[in-house]
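Chain nomenclature is as follows: A, B, C, D and E, assigned in order of appearance, with residue numbering initiated at 1 for each chain independently.
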Amino acid sequence: ASLTNALTEIAKPFEAKHKTPVRLSFAASSALAKQIEQGAPADVFISADTQWMDYLDGKGKIDRASRVNLLGNTLVLIAPKGKGFPVRVDKNFDFAKALKDKLCTGVVESVPVGIYAKEALTHLGWWGGVKGRVVGTEDVRAALNLVERGECEVGIVYETDARQSKKVDIIGRFPDDSHTPIVYPAARVTPSEDARKFLEHLRQDSAGKIFARYGFKRLAE
Amino acid sequence: MLTPEEWSALWLSLKVSVWCVAAILPPGVLLGWLLARKQFYGKALVEAVVHLPMVLPPVVTGYMLLLALGRNGWLGRWLHEGLGVSVAFSWKGAVIASAVMSFPLMVRAVRLAMSLIEPRLEQAASTLGAGPLRVFFSITLPLAAPGLVTGAILSFARSLGEFGATITFVGNIEGETRTLPLALYTYTQTPGTEEPALRLALISMAAAFAALIGSEILTRRAEQRLSGD
Amino acid sequence: MLFLDVGLNRGRFRLEVRLECDEGVTGLFGPSGSGKSTALGIVAGLLRPDRGRIVLDGETLYDGADGVCLPPHRRRIGLVFQDSQLFPHYSVKGNLLYGLKKIPERERRFAFDGIVDLLALRPLLNAHPRRISGGEKQRVALGRSLLASPRLLLLDEPLASLDTGLKAQILPFLQKIRDELKLPMIYVSHALPEILQLTDRLAVLDQGRILAAGRLDEILQRGSEARHFGPDNILAVTVELHDLESGCTLARFGNLPLVLPLRTDQEIGRTAYVSVHRGEIALSRNAVPELSIQNQWPGRVSKIESRGSGVQVYLDAGVPLIAEISPRAYRELALQEGEIMYALIKTRSFAYLAARTMLDQSASP
Amino acid sequence: MLTPEEWSALWLSLKVSVWCVAAILPPGVLLGWLLARKQFYGKALVEAVVHLPMVLPPVVTGYMLLLALGRNGWLGRWLHEGLGVSVAFSWKGAVIASAVMSFPLMVRAVRLAMSLIEPRLEQAASTLGAGPLRVFFSITLPLAAPGLVTGAILSFARSLGEFGATITFVGNIEGETRTLPLALYTYTQTPGTEEPALRLALISMAAAFAALIGSEILTRRAEQRLSGD
Amino acid sequence: MLFLDVGLNRGRFRLEVRLECDEGVTGLFGPSGSGKSTALGIVAGLLRPDRGRIVLDGETLYDGADGVCLPPHRRRIGLVFQDSQLFPHYSVKGNLLYGLKKIPERERRFAFDGIVDLLALRPLLNAHPRRISGGEKQRVALGRSLLASPRLLLLDEPLASLDTGLKAQILPFLQKIRDELKLPMIYVSHALPEILQLTDRLAVLDQGRILAAGRLDEILQRGSEARHFGPDNILAVTVELHDLESGCTLARFGNLPLVLPLRTDQEIGRTAYVSVHRGEIALSRNAVPELSIQNQWPGRVSKIESRGSGVQVYLDAGVPLIAEISPRAYRELALQEGEIMYALIKTRSFAYLAARTMLDQSASP
């Protein structure tokens, strides 16, 4: 879902070049994975996390050889614009004390951003202190929104999302080693030629530039 | 005024909602009548099954539809291979998702209205030579008209706003299954799109308004027809 | 011809009815709550009896033993409900046409316009049935049933809420459809004179049971049902002579000679019904000679009942009679059951029932 | 049999649903009555506003609730600072979200039932000396009982299944706002959790079943009371 | 005392009523659809007139000019609906108690048990109001209204669907509450004898207008309303003498001497009402001497109407009379409007109305 704008933009030149319409379906990775499992007529699947790609892989629904880790992302701590407080992202910082109120992120059991956030917080030893104050949201946009509205004092979201909002400040970045790497794997679902071409297209520089503009990290294969 | 995407979403939403209401009206009326007038074994079970889609999160309902009616689902495969009909990932699937979600509203409204009809009017019709079918269509149904209107408007509204089951069952494909709520969702997934999101919300409201005012007129007419005002 | 022998339990009420109705009109008579509407509902097929049989013109409509039960719409029996039950989503006209529409042209027994005019419904045709008066509703219900061309018509107090003017127009019309179309009817009413304008074949219902059925004179003969006809004694008499000289009609009541007011339109040799109110029967221990009261009949006091303002004295004078006397008179007479008393009835105390109608067409099978 | 988390979600769902029904019953009855019996200026507007939450995607409704009742919302700030009441991120907020979503169902059902009552019965009561209040409570309300029951059961079901508005408005906080649908959602978002998801779905169904059977008894009683069977 | 002067437009029907009712009972009489129920609805406050005034015992209930309109529940006016309108969610008992419950003990005018017994409702108390018969419903509605202790009672054909036995019990009871509790009533009925058992103060309504109001004898005097009383001529006569010898009661009808059947219970000097059917009036061009027919009155033929089976001849004999003769007789007599004809009426053709009741209590203001 975080890919909505970027992908829409990237699809345009592809359509122009290959004269094939690209049909994009944006939904939660889980929903998409299940649709594909049930035979959705998809050519390419791009997931916001590895687990749903693994899931489909396990069911033999994707072309394992075509799987690539397309993009990466960073986890950041945000606060409403101008309402931030100084944070040092390391184990010695008493985050629980600095945090007066609630923290929002994706649901920590299931929504990818939440899972990463919990890992990071645990890694930093902050989890125990904030556990009861974590507001799980349906997706990363909702978490961002709550912070924008000032409903939550801080939030943990992807950098891509945080950067596009003018109403929040990034007050901290979680080191890459504090959580499982955030990757966006992509793979072909059908062996069709169009699928191959589209996957190819995604990995070209022209696409890469657009991704980068939205704050994604391009991953070397 | 509206962008082509907005038009397409609005048009799709209306199409899905109208088809949804049209599709559930007949079975809803029938079931509502059965529940209001007949005592049968397993009635409570039927009730419960009908209401199930209301009780479960829409996503779950959508998932169950996917399991049943997806190309690999037991029913879907049969439909697909046997009849060449495929509902998954098409607007027809969106109609099905909406229909399942709205069905309990239709059934309940019809049942309520029918249970409040004076049964002696039906008896009077039968002594005038009207068989069960004519009684049903010329007496029961018109007298339950306010219930049908209520059921239709609730279903229409529910269907206009249906999101969870639809996106889970048929995905979010522009021009095919991206109804107003899904388009709205798509915007909310990207930052800085408050303005188009708001536009879509307003379009939804306008569509709803128009439908509700139409229904209000229908409702009032149905009520007046019975009271003679 | 209708044959009915059914039983039905309705909670605190139990109906047990055995009845045969010939062509023509049968009056169903009985106090409030006696089961008249219930019986009609069973005949029409709206209520399913617990047991029994219903046969109409040789066709079995219901048979408890065989499980046969024809649904109402296949019985072609019209029913005018006591509470008209008009369809609120049709206009008055729509209500009238409801049954008519589905009848093939040549099977229609009544013309729409004829019925509308008879029942004075023309100005109401476009009205909403909730926006008309009580009597108007009842007329619409009657018209609606007639227009459905039934082969048997059940009327549940159809004229109870109509004024005499309308009654006087509708009754002759019912007589006409009785005579000309030979449409059999069961007519429920608590107004005996009203029934008698249509028929003297009655069934008397009480507490769910038929107490008596047959011609009114036969019923009266049996006697014990007299109390059902209200405070009037109803007598079936045989007209013997019109004495123009003395201005009397002479008649015979059982073995008793009777002097009635002169009414030359009553045919000699025929049965006529006359009524005399209980309160107008005086009692005397002996016959009183040289009195203007010309009817003096001895009878045995079979029962004495003190009720409210008066004392009811049941007299068996060959036929049963009930007299009501004041408590004071009762004390002074020191009346005992079993005594022989004379009932004194003035000629003018008698009133003719169903006065200006020939009763006999419907009465003879 | 159930894990503590499941218990907690079930318990919370029931609490939220019961409160939701209790909270919307009085205003729903009042509004249903107004719509059924009174003609007033702006009636269609009121109708439309009431139905809006059905038409918009639940997430949008949740978002609007957030705008209004969040700590920084115009109403929420006033509630928070003035009265010290905060509904955001608490089960009370979940009740509000459910209430807003179910309200149209309640209103419509009540309105339908009331429009089918014979108004002359109310007139009869008034000639017996009953003022408008007594007429309403002793005649109108009991006669509309089937509508109230229908409204209550639809609202209860809707509320048991409410997901989108709730998660948007009050988030998904274990023990506080994680109702059955939210818990179920959590499972559907992770692969390989079919088994606990199924358990939760079954629990939801069981709760719904129990409620529906209860309602069925109530409905039947209400209908019978009026028909005298 | 009720004063009513209102106008109301109801689509095709327009009501314009001006009426004063004294203590006691006022009978409201008129054909079906004439506006009787509408008028009661206005008095009870269920219908809001377009203009006018309603005053009860000095209290203004409605004033179109001032915008005063007391709601029904504050009028304390009981109304027995034509179609009983029982509450389906209460038992019969609950219905009866509905109005009673809120009346303070000492303001209650009737005891629950008394009403239940009078109306024979005891076995029905726990029944559901949809499960009782038509007459039973009407009795419950009557009881319910009485138990609410109104200060004015409006009765819309309360006895239309009751059998004579019950009627005969309930009418005396209504007489009693009229006399003892002095509860004023407006009694709608199309049965004149029934009304006359309660009162002879009438208002005659037709097509939304009061044609006549006042004592029946005064109304009859004015004459033109006679046709509203159905096929009977109603005469208000003054009783002059009971001639026991010849078995007649002599009375005066306007200037005409009248020979009636003997009825010693009619007080000398008082007004009595007698009826004679149109068909029992014979017409003759000359007085016929030496005939048993004792009443022979000359009158001018004011109108001749041919209708259905008979010819209606309107005769002005000081007071209006209507005779119905056969078309054949009409031809043979070659009757012309303006001619003087003799109306011949047999003594026995007269029937007393409201026979066994004193009328006068309610009649005198």
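We adopt the following convention: contacts are C-beta pairs under 8 Å (C-beta built on N, C-alpha and C of every residue); 3 or more make two chains touch, one makes a residue touch a chain.
The shown structure was predicted, so the numbers you read here are calculated from the model rather than taken from an experiment.
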Intersection of contact sets, chain C vs chain E, gives none
If chain centres are mean C-alpha positions, then the most distant from chain C is chain A
Farthest chain from chain E by C-alpha centroid distance is chain A
Chain centres from averaged Cα atoms put chain C and chain D apart, in whole Å, by 58
Chain centres from averaged Cα atoms put chain A and chain B apart, in whole Å, by 35
Cα centroid separation, chain B vs chain C, in Å, comes to 56
For chain D, residue numbers touching 2 or more other chains are 59, 63, 164, 185, 188, 226-227
Contacts with two or more other chains occur in chain A at residues 145
Note: chain E residues in touch with at least two other chains are 131
Those chain pairs meeting the touch criterion are A-B, A-D, B-C, B-D, C-E, D-E
Chain B contacts chain A in the complex at 59, 62-63, 66-67, 70-73, 76, 88-89, 167-168, 171-174, 176-177, 186, 188-192
So, in the complex, the side of chain A touching chain D is made of residues 28, 30, 33, 51-52, 54-55, 102, 104, 107, 109-111, 134-138, 142, 145-146, 149-151
Chain E residues touching chain D in their complex are 44-46, 71-74, 76-79, 81, 85, 87-89, 98-99, 102-103, 128-131, 144-145, 148
Listed in rising order, chain D residues that touch chain E in their complex are 118, 120-121, 123-132, 134-135, 138-139, 142-143, 145, 225-228
The answer for chain A against chain B in the complex is residues 1-2, 4-5, 23-27, 31-32, 34-35, 37-41, 139, 141, 144-145, 161, 164-166
